[in-house]
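Sharing a structure below in structure tokens format, with a few things to ask.
In order of appearance the chains are A, B, C, D and E, and numbering begins at 1 in each one.
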């Protein structure tokens, strides 16, 4: 029996997910023996052609990490979709947009202008910008096009499963790959992580007070965080209650609040909205100015509640003005 | 982003999704009806027992599904049938507005009003006022914008047009 | 209809014409057609009156004939007929909560003029309901037992009547009155319209029965401080002010009053609206209930300075009822229902300086005149001007502070009548010329027009016109030294100046000054004017939006004694209906925690009824369904989406939103 | 004794008149009148009016345009605003009176033998021409127009004014007259549509 | 304290004594008034009877000039001007259509109207901005024994002014008490004096004046104190005609600013008191040294 063919690919991402896969590959050499990795740009020299030549559906599974920001990423995602029986969105960026999706607070034009013209470190007197039809020494470069926004994989192609995390833990990945190989396929669309929020497995859980009430919010650098007490109880915005567990509570164990990389549970459409709802409900202020004063402790609500999830949230991105003035 | 600028047709009238609490504002809207007050027909009311039930997801989802504005109505502070629900809503609203502003939404898109069961006329005034403000702002049309955005994609985005798009990522619902 | 085979969901949709009310604006047939093609809809009909018996029968028949398992009715407000239709659905064997109502009358046909837009709206609202009802689950109501005791707040005629009715039916009643005696306004009147029978003759026996009745615990000089709980199970805290007299020991002999170091009554007497005087130790009026004196801490020498000879204590002797050490106390009681009958206050005539009240001594209010004509009043029933002489001409100005956008816009309903009553009494007592200046005579009650007739026959003059001003400057010799009324006689068509000796202002009724805080206390609503709001003027005229809290008498709006009593009886009957059934059916819109709860405890402090607690064993939150009142705050807040609320669950609301917006 | 017929027929009404008056800013509450007579009762001049203010409201409400515009009432109104302040329906009766005066002038059906409309017209002409009013000159014009004999009658007053140094014969005027005129008439230059003076 | 000053036509003519007393009194209290450049007639009641659009433009031009001049509160002593300017402001706020029309007219003169200028009466400013305490300090010759009937007239307190009650205003009463005078109970204080009719329909207009005078005499007032040039003229100038019709009702009517000036030690002449038809009786000689009463 031929070994199942597997592909790994990265789109808009930091490379951390690839790192996890490398860790994993070392970890499960035995498993590698069971599969045939036919595409893995970060580690091996395959070409796009190699995939194009395969018959449709020939790949048992593709693991794609990173969000879709360019036409090239889109093209590769579509190609892999066509060739694969199963597509797994791997990591926060592929899942909900991830850190790159914070760019959805700015228009493409703003981004290009800053990066290629206004950034203090930029030296570009000709104000040249990369574009699909850039020329260098008379040769057309055919660069990929920068999309108007960052998209999670599922907004571009059909995704079968998602492994969340920034990056996903090796344990989760191992469990997911094993399940796939053994044909223990969960329902299509599943996120392959526990559906209970992080607090359940948080080492600080026992310290949670029964009367969780906020008078103000602070960021971790504004106080000496007690390493044993629930961070929320200390007024630090911890996304734990609104975030899937399965991460091993690494951040909270490192005395940092959960920032939400595992995304919401299946019962929630919009992680940020839910966290906001809960925090506000438990704030004690009643007068408008008191309320606003308390929220000064959350100077960047979008960055706080949608650190990883802006592109995958209900509203997806910042909108441009709705009417001509 | 010129493609995103939407010019409303002359007859365009904004669609408002309103979440009214059962005890005060919903009853006030009933009173407006009983008193035959006239207001703009673009508003559609969803009844909740208390403004405290209003999950910010509902606001986002209404916008996401094509509302031009969202109106939230609750009992006056101190009058909540469940004593505190409206304060919880007030706090959500304050932060929500800031968050929405950061995402480019004008303040007038989402409005919170305390309207007691006796203030039928207030319903009329608020709906008409909000309708006028939204008319001045023009359509939000988030579904339209999303398909506009997606035109840069080589193929159709999965689940783009219809209701399935309501869920940001397709997922199984828990058993 | 493409309803079959949609996950087994079979929806019946009905749109009601409500005669012309809906169908006059909304094209019901068109709506039915458009809803009929939605997935899952098996039957879609429009019908003239859905709430009528044939309308309900239509529902029941369809359910059986088409095997429907979800019903949507688009008609009036659910606050009106939700119960009707749920019952109909249940009668046909369906779970009553597999039903959803759409409000296209109050929220559409009655408030919009654009027929096309209203029809479009009806379609959207109906589609939303159809999409939502698919998610409805079968639910059952829970029953909570009812505490049979009732609290009545306010001891005016309305409160007294409600208390007696309940007590006579064997219920336990607590009657809480703010003043030292019950009786309210009525106790101050001489006679009552339209029968002219003596107020005391009707009221005194009722007041005595209150005192004598074993089933009634009367707390005067007391106010409700706090109300907790909900229908069937209220815990009420009552603040009892010290009267410095032990109620159990005082026998009402009033020897202390005579013995008081103040030989003469010196202080304005509240009961006589300042027209008479009393001592620091006093009894509000001879028939007061309870017959127990009060000591006014602001006047009593002992209480103010601690240096009094305390002759009152000596007089009381071994009865030993006077107790200067009394303190304010808080008492807690448990009741199942509450009747609020806190009455009204009178408009302050000083707010209309044009009428000279407070400036010209012979301008009095109608209540002051009530005290002047009463034989037990400060003048022993003699109607006298301030200089002691009898008036030879008296003018009554009506609508003072009423029907005026600058003060109160409502009609106070009793002033026309009580002015005519007083006018007749003035003529009877003094033979003076009486002129009534009125805007419209409102005498619609039984026997009232006849009373107006009688006033005309008694020789009372009626001038139709709202008095412009009352002055003391004379232009003609007959005006010297008199109060001059300037008014347009609107029926004759010219302006007149009419000099009189005495002017009576028929001041209107206003909500009590503390109406807002009282309403908060009992979780009621007020109309914009400040009167307590009934749940529905016709369907539930003495109920409020809070179950188990009823209103009666003038706190709900101006009315006369017969109407106050009728309401009091109705409120008592409503309370009894709940008590005698023995339990409350609770709407099953309660919240529940799912197994997926992570135990973050965020929801625990949110519940106003402390229904949520943390289960140490499972390390998750749990909701006590019996305590949950279904506000949904916890469901809206749980950050991991682990709380559901029956009837308002996320998927129900999301599908409603979707249905509203997706044509 | 002369007997006149007072019955009114439907043809005596000018339908739409009430609506027209209600469209004037401030007059929209007219229909809320409850005919209480407070306005007439408080009005210092109602005792001279052919219709009391209340009746004026009633007449307007029923579209009796001719009766109202020909009446003396509106011209007797001294704009003291007592009625407006006192009306329990917050009807701005004084402004309704103004609206009626304007219409009476526009339609030319004000009572001719009455000096007040003449004063109003003379006043406005002087303002249009000079930008300001010189009272003594205005009064003289008025007396000349309306009743020259009255000038003789009030010689004492004029004499007194001279004695107290208040008799001003120098005409007051503003600097930018043409600017004001173009603002008022909407026309530039010329005499701005001022009615030609009859000498 | 700085104000724009809109004198109105009357203060340049029949009411010049008002201006003659207002200016020194204000200056004495440290209040600066700058006359509005090229102001025009407010339109009074007469213009409003002819054309409401033009009447609004007339008033609005003054408001716009005041704005242009720096936007200080606009002080106007004449009750008619005060009412007209305030009313125009009110209607321009309430009626967008009218405002558009007026705005258009103003733009022909490159003027603009934002609606911010406040229209104030000297009585309001003196009692509420300057304050009775500051006034009391300046009193060197208390009006002790002088019985004053405070007469506010109709248009100052109705219906757009908010600084005092429309039926029973008291600011001038309090001011007079501060000056040391005795205030008589004068229930006619806000009754119309009939000024707009005395000339045209004397049998009506003069009767109103007569009633006002009669009641002041009955209440034993030495003097009637007014706030408006038209009222003053009316109550002062027609005694002859009144006497011929109804009999003698002699009482002097002066401006409240003239009484203030007297209390501040100014001479009757410099306050324009010589311009009265019915002269005010000279004040009785002072019992105490003026210097004494000026020290608090």
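Throughout what follows, contacts are C-beta pairs under 8 Å (C-beta built on N, C-alpha and C of every residue); 3 or more make two chains touch, one makes a residue touch a chain.
The structure presented is a predicted model; accordingly, all values stated were derived computationally and were not measured.
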Those chains which touch subunit B and also touch subunit A: C
Contact distance in steps, from subunit B to subunit C: 1
Most remote chain, CA-based centroid, reference being subunit C: A
Chain pair, C-D or C-E, that carries the greater number of C-beta contacts: C-D
Maximum centroid distance from subunit D, chain identifier (CA atoms): A
Centroid spacing, where centroids are CA-atom means, of subunit A and subunit E in whole angstrom: 75
Inter-chain centre distance, subunit B versus subunit E - centres from mean C-alpha coordinates, in Å: 54
Residue list for subunit E, restricted to those that touch at least two other chains: 167
Subunit A residues counted as touching two or more neighbouring chains: 195, 267-269, 274, 277, 281
Sites on subunit D at which at least two other chains make contact: none
Pairs of chains found to touch, sorted by chain label: A-B, A-C, B-C, C-D, C-E, D-E
List of subunit D residues in touch with subunit E within their complex: 24-26, 44-45, 48, 76, 78-82, 84-85, 92, 98-99, 101-102, 105, 115-117, 119-121, 123-124, 127, 131-136, 139, 142, 156-157, 160-161, 164-166, 168, 172, 174-176, 179-180, 182-184, 186, 188
Residue numbers on subunit B that touch subunit C, as the complex places them: 13, 15, 17, 23-24, 26-27, 29-30, 32-34, 36-39, 41-42, 44-50, 52-55, 57-58, 61-62, 65-67, 78-79, 81-85, 88, 116-119, 124, 162-163, 166, 174
Residues on subunit A engaged by subunit B in the complex (per definition of touch): 71, 74-75, 78, 95-96, 105, 107-109, 145, 147-149, 152, 154-159, 162, 186-191, 195, 266-270, 272-274, 276-277, 279-281, 283, 285-286, 288, 291-292, 295, 298, 300-302, 305, 312-324
Subunit A partner contacts - residues on subunit C that touch it in the complex: 594, 596-602, 604-606, 614, 619, 633, 636-642, 650, 654
Footprint of subunit C on subunit E - complex, ascending: 165, 167-168, 187-188, 211, 215, 218
